[in-house]
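One structure is given below, encoded as structure tokens.
By written order: A, B, C, D, E and F. Residues from 1 in each chain.
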Amino acid sequence: MSHRHLTETTWQETREAAPGAIALLPVGSQEQHAGHLPMGTDTLLVDAVVDRALTLLDEDADGAPSLVRLPTLPYGHSPHHLFAAALTLSAATLEAVLGEILDSLAACGHRRVLVVNGHGGNDEIMKLAVKRFALRAEVTVAACSYWTVTGGGEDGGRPDVTPGHAGWFETSLMLAAHPSLVRTPVPARAPVDPPPLFDRPPYPGLTVERHGEWERVGGSTDDASGADAAHGRRLLDDRALGLARAVRAFDTATRTGP
Amino acid sequence: MSHRHLTETTWQETREAAPGAIALLPVGSQEQHAGHLPMGTDTLLVDAVVDRALTLLDEDADGAPSLVRLPTLPYGHSPHHLFAAALTLSAATLEAVLGEILDSLAACGHRRVLVVNGHGGNDEIMKLAVKRFALRAEVTVAACSYWTVTGGGEDGGRPDVTPGHAGWFETSLMLAAHPSLVRTPVPARAPVDPPPLFDRPPYPGLTVERHGEWERVGGSTDDASGADAAHGRRLLDDRALGLARAVRAFDTATRTGP
Amino acid sequence: MSHRHLTETTWQETREAAPGAIALLPVGSQEQHAGHLPMGTDTLLVDAVVDRALTLLDEDADGAPSLVRLPTLPYGHSPHHLFAAALTLSAATLEAVLGEILDSLAACGHRRVLVVNGHGGNDEIMKLAVKRFALRAEVTVAACSYWTVTGGGEDGGRPDVTPGHAGWFETSLMLAAHPSLVRTPVPARAPVDPPPLFDRPPYPGLTVERHGEWERVGGSTDDASGADAAHGRRLLDDRALGLARAVRAFDTATRTGP
Amino acid sequence: MSHRHLTETTWQETREAAPGAIALLPVGSQEQHAGHLPMGTDTLLVDAVVDRALTLLDEDADGAPSLVRLPTLPYGHSPHHLFAAALTLSAATLEAVLGEILDSLAACGHRRVLVVNGHGGNDEIMKLAVKRFALRAEVTVAACSYWTVTGGGEDGGRPDVTPGHAGWFETSLMLAAHPSLVRTPVPARAPVDPPPLFDRPPYPGLTVERHGEWERVGGSTDDASGADAAHGRRLLDDRALGLARAVRAFDTATRTGP
Amino acid sequence: MSHRHLTETTWQETREAAPGAIALLPVGSQEQHAGHLPMGTDTLLVDAVVDRALTLLDEDADGAPSLVRLPTLPYGHSPHHLFAAALTLSAATLEAVLGEILDSLAACGHRRVLVVNGHGGNDEIMKLAVKRFALRAEVTVAACSYWTVTGGGEDGGRPDVTPGHAGWFETSLMLAAHPSLVRTPVPARAPVDPPPLFDRPPYPGLTVERHGEWERVGGSTDDASGADAAHGRRLLDDRALGLARAVRAFDTATRTGP
Amino acid sequence: MSHRHLTETTWQETREAAPGAIALLPVGSQEQHAGHLPMGTDTLLVDAVVDRALTLLDEDADGAPSLVRLPTLPYGHSPHHLFAAALTLSAATLEAVLGEILDSLAACGHRRVLVVNGHGGNDEIMKLAVKRFALRAEVTVAACSYWTVTGGGEDGGRPDVTPGHAGWFETSLMLAAHPSLVRTPVPARAPVDPPPLFDRPPYPGLTVERHGEWERVGGSTDDASGADAAHGRRLLDDRALGLARAVRAFDTATRTGP
């Protein structure tokens, strides 16, 4: 196995690995996921995808890129879910947390970092953080949300609800990764009319946010009752494969020296 | 003509118009645009698209939605262009500026706002600002960058370089909107190898930022020498049409009362 | 014509002009100006004075100092006008905006900057910003509000109401610069008794702020019904002349080399 | 088992449990722990103590207080360890993180919270955070570092080096909790002369910080070569017992209603 | 004697006095004052003027307004004096300190506050602080620097150097108030050519700040060798009389009820 | 006398003394101290202890360490006393004030600083400030609260109420140091049941903060009616002796050179 957990390495090992390794930071959230999924869904799923991707890389006959896995940040930016329940960092605080972890990595000698996100609400903050980092340090830094890197574009035939929130996609993944944490049977829910503006903007290319919209639509984007573990496994495998390939491509594009 | 400039209305007119009107805030930047385009390109182009869209709406036989145009914010977030020249606000400051203008609009009675952006570097900050605004005020707020709303998907046959930076797309638009400000002939430039990671990530779905990348690739994303005013006019008309339609769709989706 | 608009210059031109030129940044506001003047009055007037001053300098037989005009910042610090209507930046945010624009100018090679203000509420913030800038960068930086620089002390015989707010002075200027934007006839208003403490402190040398004072006095400092365009033109010409002379004096005092 | 992991509960369960339960937030760090202990030592140990304490409570014949365990925050305030290696949040950022998690808990209906800390450098920040929280919300909030709550005062006969840093105490605990992560044999180290001022101030009651002191003393406070798993187990059991008793005492002192 | 020191009153006395009394907050600085005056000159002088003014008011046959004197803030904003020696708060920090003291006064029931400043560098910050305070609390708040309130315009015949810095004016006052702290004989200094731009701007109405200017001119604005205690006493008496009158005028203008 | 007041020294004297001297910064508060002690009690007492300690050092036959006494900061962090009356700085602001004064001292050439605190609520903030200072500057910095440094452990036989708040300890000290400021006879108060959780946590090692606790217990920790001046004098002398010894020990431990 070629990847390490930073939490388990000594500081000398950390320093020695840093110049050549990619540091991988998963970021999750704690927030309402409708009545059938637990608060930590996003954290659990990003961990599931990252773990599988690291296993794929370790098993690869070509050998794995050198990787240091950081402790997953289990808290994200979820103020829009406070209407139900959430533990949320403000955007400014999450930006600071990410920025300071990235700065620390540079101080330890890391030159390449990959942030893998499990929660849509973290997306802009993560992107700002990596952009700013690359301006102030001589690093190359990548970021993705786990559902945006795919092995072959597998979407279970439901691109319209990928990733959504607490709907078919996430429920399928949870049925595959943590079936005991899904409250089943998942009740069907009728489509909300009109659909939420944040998910279905009135014109393509427009981002629209309406006050109270998450509460109006009951906290999820789509009907999860059709979710199943088999689709979940395929989706999970596909994202893990996508992430593994993305890691390798990032490594190839940014490796220096022989 | 049914839209107004807030700068030209009295405070009573502002208050009276606020509950029913959409406030429209354009945001630009001042930053290097290679050797042939001026620093204010993004501001000039977002203004050009907004002006044309407002004209289209005013001329519409169905009547225009009530609109209040705010003064364009001519400064944006451009730290990645400081290697050449830029006047840049930090992300935190631009977030504060947008947030405080949005709060002021709510204090004046506005319930619907549309932010139209002209600079890619403002994108995440704009989205964070509108999301936060909709959480703390009873409003519906929309945001777009002018190149993401299209009339019919017109891309001049060059989706690969839309919008890019200081390349074929922006140069064509400037040749249409402000030809005297384009230094011609625009010199050809050979493709940079490897292409910039921020524009061509090594794996789909990955955002990658490398220190010094903008300087390495000479400050633009693609060859602008083939740009021409005719394409520029069509692109400009298409985005204006897209924005006009987006405004109308936003109005329809969020209008309350009879 | 020897002055340029930064928004229209390329980055190389910006860089080349920077060491020798004075960068000129106008700052305005969007805020209630009683029932007869528009929200953008301060922005419109500072632009009017700056434009006339630049024309005077360009026409001068002695030649003009090298000047780069920046886009006017159309938003200022106006929380005291929110009782009616205003788009306001907090003091901290306006300080940050000015500080970051000034820092950007230094990063582009500028060594001399002049900030010209159109709104009384920006005054302390502008002064703090230029003081701090001169401590952290090797620059000389000047600041004024347009009504404090005069050609010959022209006050139209009304020094008691210069500049005031939405009163005789500003209304006269607007009648000269933008007559179509003044709602006429301007109604007479009786003096408020007692006069506002912020404008007429109970002892000379004292600054006094009372909660709700702007609302109590109806949003203006003095009767504007006697304003006329002829006085406005003379005042505008005088301030433009004053600003032109101030620019030249600043240039002379701070020019280095042959 | 009567305690729950918030990450595994739905939002309704979170809301329902909140008014009666104690929310328990462990906080750790990632920082150098000399040559023989891993970066995550403080996080691993606080988790070990918390897990054992929760087991003791669950097994108690008297029944356990209702508890909701939050995800451990794996990052703390460790700038003094950057000379070797650390991932550190600034004091302001850690204060914000703790404050926002606490605020979120109050928003979810929690009225009682216990923060359990594993890293000395977090101590003041944790205390400030709980003090501020109790001022702005109607809550009772407790905080401790795991080594300050004891079952019977067990110190393994070495109160002089409890807890220290990367010395006899922490090494003994790690040999008991995670023996595979201790690099053995742990080399002996001679006492540093003079001893570090932060650990041995020149006068009782004085806190003294000297620049470069952690580096001067090699990153640990005392010789860890005599550490052994047997002492570690007793210390771990004692702290777990202490924490269990502290939880019960806190519950008794703050429970309201029948 | 009708004024009190807040530091000597109990909290009930503080609460009882608050609604009717004027709270008076002196603000000073610690900064270089050339070779002959001590670092605390501004603090010592504002205290001297305030003490004399309070004595005048207490001795007045008409009775004194109710006053609560706060502890003098001995630290101000002096970054421009760090080239020699200063203990300085940043502008943001001094704004926060003043704002929070003012907020605390309002929380204690005060409705009228007067800030008296002894250091030019605090001026804009003090004005911003009182303006912001009057917007967020139902208070009337006044501010002055001690040299701006005069009894009869006494300037010792030297308006050109009033107040200056470490020159004739301050040295005369210190010879009157604290003669033992003036290092005498005060050496003469030749005028600096050109004079400092911050003190003698190239055009009236312009504020100009040049990097390194305070160091270039040796840390004072004018020759102090002609200072004498007799002038100092008259100036001190005049400012104390001015401040006493200003307090009474402020009291009269803002007193409510019978 | 070997110690100086910074407020009375010129900047050259400040600079010359700085490398060898210990800068001593006392910090107090303004806050309710029950019905019998004044708001400034903590400031008055820290000054009393510091003054006596400096006298002891000056009188010492061995000579005193070189000391520069800074003006006492009379405002601290007291939000928990606002329920009655307090002038309070937020934790962030007090941290900034301390940090900027410390930075200024380093800029003036100081290498050794001692902060002496008079208010429990400042404790964590002071410790954070000195820790951060020692990381960013090449200094050695010490901190204590005056009651933690003792000459011989004198506690008047009442360690259970040392220091408490507005109880036997502080009242005794005030009867010794400022008898005219104690409202006598001090009324007896019955013990509050249950005692305040912040003072008597339910388990040793736990810090507990309950909303409204200070108000519930009437603003003091224990009965002050038995306080007497004789004990106060002995306690005061003991703390002054303790501080003097701490200063000397700090000096010895950190003096460099011959």
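Keep this in mind: a contact is a pair of C-beta atoms (placed from the backbone, for glycine too) under 8 Å apart; a residue touches a chain by one contact, two chains touch by 3 or more.
Computed from a predicted structure; not experimentally measured.
Following the contact convention of this document, no chain is adjacent to both chain A and chain B. With steps allowed only between chains in touch, the distance from chain D over to chain E comes to 2. Interface matching across E-F, B-C or D-F places the copy of A-B, with more than half of contact pairs shared by residue number, at D-F.
Farthest chain from chain B (centres taken as the mean of C-alpha atoms): F. Comparing mean CA positions across the assembly, the chain most remote from chain D is C. With each centre defined as the average position of its C-alpha atoms, the distance from chain C to chain F rounds to 49 Å. Measuring from the averaged C-alpha position of chain A to that of chain D gives a distance of 28 Å. In whole angstrom, the spacing between the mean C-alpha positions of chain C and chain D is 57.
Residues of chain D in contact with at least two other chains: 92. The chains touch one another to form a ring, and the order obtained by going from chain D toward chain F and onward is D, F, E, C, B, A. Within the complex, the chain D residues that touch chain F are 79-80, 91-92, 95, 124-125, 127-128, 130-135, 137-145, 148-150, 194, 197, 201-213, 242, 245-246, 249-250, 252-254. Against chain C, the residues of chain B that register as touching in their complex are 5-12, 14-15, 30-40, 43-44, 70-75, 81-82, 84-90, 92-93, 96-97, 100-101, 104-105, 107-108, 181, 183, 219.
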